[in-house]
Amino acid sequence: MLAEALLLQLGYNATLVTFGATALGVAAGATGAFLFLRKRSLVSDAVSHATLPGLALAFLIMVALGGEGRSLLGLMAGSALSAAAGLWCVSALSRHTRVPEDAAIGAVLSVFFGFGVVLLTVIQSVPLGRQAGLEGFLLGSTAGMLFADAVIIAVGGLAVLAAVLVLRRPLTVVAFDPGFGETQGLRVARIDAALMLLVMAVTVVGLKIVGLILIVAMLIIPAVTARFWTNQASSVVLLAGFFGGLAGYVGAATSAIAPDLPTGPIIVLTSFVLFALSMACAPERGVLAALLRHRRFERLVHLRQGLLAMAQGQHVYEARTRRLLRGQGFMRPDGVPTESGKGEAARVLRDEARWQVVRASAHLSELAVRDDGLTPTEDVLTADQIAEVDRRLGTPEAV
Amino acid sequence: MSPLELVAENGLRAPDLTGDSPLAIRGMTVSYGDQPVVYSVDMTVRQGAMTAIIGPNGAGKSTLLKAALGIVAPLSGQVTVFGQGLDATRNRIAYVPQRASVDWDFPTRVSDVVMMGLYGQLGLLGRVRGLHRDRVQACLARVGMQDFGDRQIGQLSGGQQQRVFLARALAQGADLYLLDEPFAGVDAATERAIINVLHELRDEGKTVVAVHHDLSTVRSYFDDVFLINRRKMGEGPVEQAFTVPALQATYGGRLAEGQVAQLALDAG
Amino acid sequence: MGAEFVALSLPPILIGTLAALACALPGNFLVLRRQSLVGDAISHVVLPGIVVAFLVTGQVSAWPMMLGAAAAAVVSVALIEGIRRLGRVDAGAAMGVTFTAMFAFGVLLLEQSDTSGVHLDVEHALYGNLESLIWLDAVGWSSLLDPAALSGLPHELERMAIVFVLTLAFVVVLWRPLVLSTFDEGYARSLGLPVATLGLGLVIVAAITAVAAFDAVGSIIVIAMFICPPAAARLMTNQLVHQVLWSLVFAAISAVLGYVLAGYGPLWIGLPNTVSAAGMIATVSGLILAICAVAGPQRRA
């Protein structure tokens, strides 16, 4: 059954929704990558929570105008308007008052959401209200979706994706280097506004599938995941789009076969699994790799410090250093240097001395910036330069 | 010259005797990530002297100070203050952080900030009495800020903010003063006011260590210098250690020719 | 009127007010430390905590659920810190990853388990059920002096009162270290203050408050009260002590006015039913913030 779902053999509606969720996932991942690079991920949380009063008001207005109130397009329009209002409040508070941006985000998301809840209870008391099913927008629900709604989601997902593709160049420039963007004639404020529009579009299209509480995950998690694999802005965007699309696809397809597996949480948890795997295992920025690297680095520092102390006949105080020196066979258990320890200590000391000469030398001092206390001179200097340094040091037989 | 002699002569490793030096650092290595910022540094500060820590940007000056105070955790190394461990001597140290390290929009007044210097004495719930307020006022007066006690800190100029930080350190009544770039971005009047207070402290027998970036004032302001560029590049009384070759070794190609010439002239 | 008010409205008003005060107090420091969204994150992760507690104990009762929520809060804080430090991800994104994933886990768990016989759903965790916290034993104002009737007060009142006193004690006793480490972390460390422990303590106090409050008043109020009253208070004054006092005033006004507007407001404009008190309390706190942002004497830096 799962294989079936993943291969999209599940009826027209489910296929359309899965298609839409995948497109939306790609768009959300890429949009989120730009947000993440601008360190503004959580703005999207305010945007998504701020949609609730708009949803409720749109429903009330549509009912008041004699409609049924459930038109997805109408609800999406309402949610977009109130998301824009929420966004305006965040920027007004953080720009024109002392309130810092994170507090503005939290204030807007809780107040708009609270007001939305008030409106939901109002809706409960009007005719037709009980069938509104607006609660479905909190956590998303794709079960029993109308064909027209499925089309809207598929088209919406594609449209947002197309918009991201069109805007990717200026967004990348601004995300990485706003100053450079200005010199290239880009209006940073305008591009930021475009980014926020994209965030709103993702939110509004995603409301029905993922729900307004969890939609931020589609914007945040894929970007963070992608960052573990690459240092390059354009690759972060591509990878985030890939991870987002994958999560959207798996989530929508899975929940199509089992109605009690809600789409939103599955999408989010799929994203999270991808994130956790990446954080643990990514080759350079992953935790395992970093831990190994750091341990190796600490060892190098302690060994070198210990050998230097030994070379000068000083006592080695730190227990860890002594342990490492003994482990390498450089020091006997009673703290006396071994023959190999003496040899290594002399080598390290000579290296230190060479660096001294390099720093003091007029034409080599440029190279001294590469001295981080661990790099041997052999890695930086040519054989000729080393010979020259050693000549100045004199008496190589002293080693 | 053998490598050992050369290393020893450049003061790479000082003798193990630190005595009761107000601040002695041994084998200090600090890294951010896997990049050593301070590498294997030894430092012995002279009692009753004013010491400048100098070196190019990113040379680890502030980091050395922070590691000495336990504000950042060193990878290895030991610190003694007046011959004892840091925990036993915290109340004898006053630290003046970089002005830019705090949020000046914080809702507090100038006198409240200086009162923070007395928190050590006041404890958690000790009552603020007249004598404490008098002391705050006296410390403010010492840096020429006696009329600003009720001001919101955000309303101060950069120089005034720096003076408030110094007043807070004075309130602690410490024996060792560690200042991180006290003259960065301050007006000339503030610079004079601060240096006067620091000289008074020294004349009272206190020890002052400051991260400093203006080479042209080292000679007139300080007694000792400590040169650092990730490693220790030299240490000692200004007239011995603040030399053109030492500076060239410390700053590498980053010291402009004109600067070198001027310093050589000053040394003349 | 009196009897009805004391029985039906007084307990929820008191509980709502205590919850608002208990949240606003640590909220002042969270806002100043740029950690406003910690409250947001904690409130979201309460859901998986209570669902797991329900699955373990098989019943909906206060203490196991609060323990479950507290455990979830601790897990989330550990996750956020772990992701931030080990993964070198900025704090906002680390929070976003953690609370959405945990909330999604809670929803999935809830959907997959049989909760048909019990009152446990997402809406409850979000909105609480302030209106249902009534005092059946009350016959009028005189019941406030009647020990037998007093013992019938909703347990939430007692719980919120204890939590409020705890937060108050935390803030009062540790005022100086909290202020110092919030304003100037480097200086605080140089004095040997355990800055990291203090920060963790603050988050734990916020978590305890959030957990105690969500059951009675729901997560919306918790998030709103952590942030809105302190942020509004900051725009009123330049002194921290005054800011904290203002924030308590604003929190109390939000709770009382919000409850009254939700309970009686709709009747005044001719609507048949009351509206959500939790939502209205959050709305009022937002209006107060809006007013301060427009007219607060210290609104601009």
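Labels A, B and C are assigned to the chains in the order they are written; within every chain, residues are numbered from 1.
Quick note on the criterion: a residue touches a chain if its C-beta (ideal position, glycine included) is under 8 Å from a C-beta of that chain, and two chains touch if they have at least 3 such contacts.
As the structure is a computational prediction, the values presented were derived from the model and not from experiment.
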Winner on C-beta contact pairs when A-B is weighed against A-C: A-C
Chain occupying the middle, per Cα centroid: A
Separation of mean Cα positions, chain C and chain B [Å, integer]: 44
Separation of mean Cα positions, chain B and chain A [Å, integer]: 38
Separation of mean Cα positions, chain C and chain A [Å, integer]: 29
Two or more partner chains touched - positions in chain A: 98
Per-residue multi-chain contacts in chain B, two or more chains: 105
Residue list for chain C, restricted to those that touch at least two other chains: 234, 301
In the complex with chain B, residue positions of chain A that touch it: 98, 293-294, 297-298, 301-302, 304-305, 308-309, 311-312, 314-315, 317-318, 320-321, 349-350, 352-353, 356-357, 359-360, 365-366, 368-369, 371-374, 393-395, 398-399
Complex contact set, residues of chain B against chain A: 1-4, 6-8, 10, 12-13, 16, 26-27, 29, 31, 33-36, 39-40, 75-76, 78, 105, 230-231, 233, 245, 248-249, 252-253
Partner chain C, residues of chain B touching it in the complex: 66, 69-71, 86-87, 90, 93, 95, 97, 101-103, 105-109, 112-113, 116, 119-120, 122, 124-125, 152, 154, 168, 178
Touching residues on chain C, where the partner in the complex is chain B: 32, 173-177, 179-180, 182-187, 189-192, 234, 237-240, 242-243, 301
In the complex, chain A residues that touch chain C: 36, 39-42, 44-45, 92-93, 96-100, 102-118, 120-122, 124-125, 135, 138-139, 213-214, 216-217, 220-221, 223-224, 227-228, 260-262, 264-266, 268-269, 271-272, 275, 279, 285, 287, 290
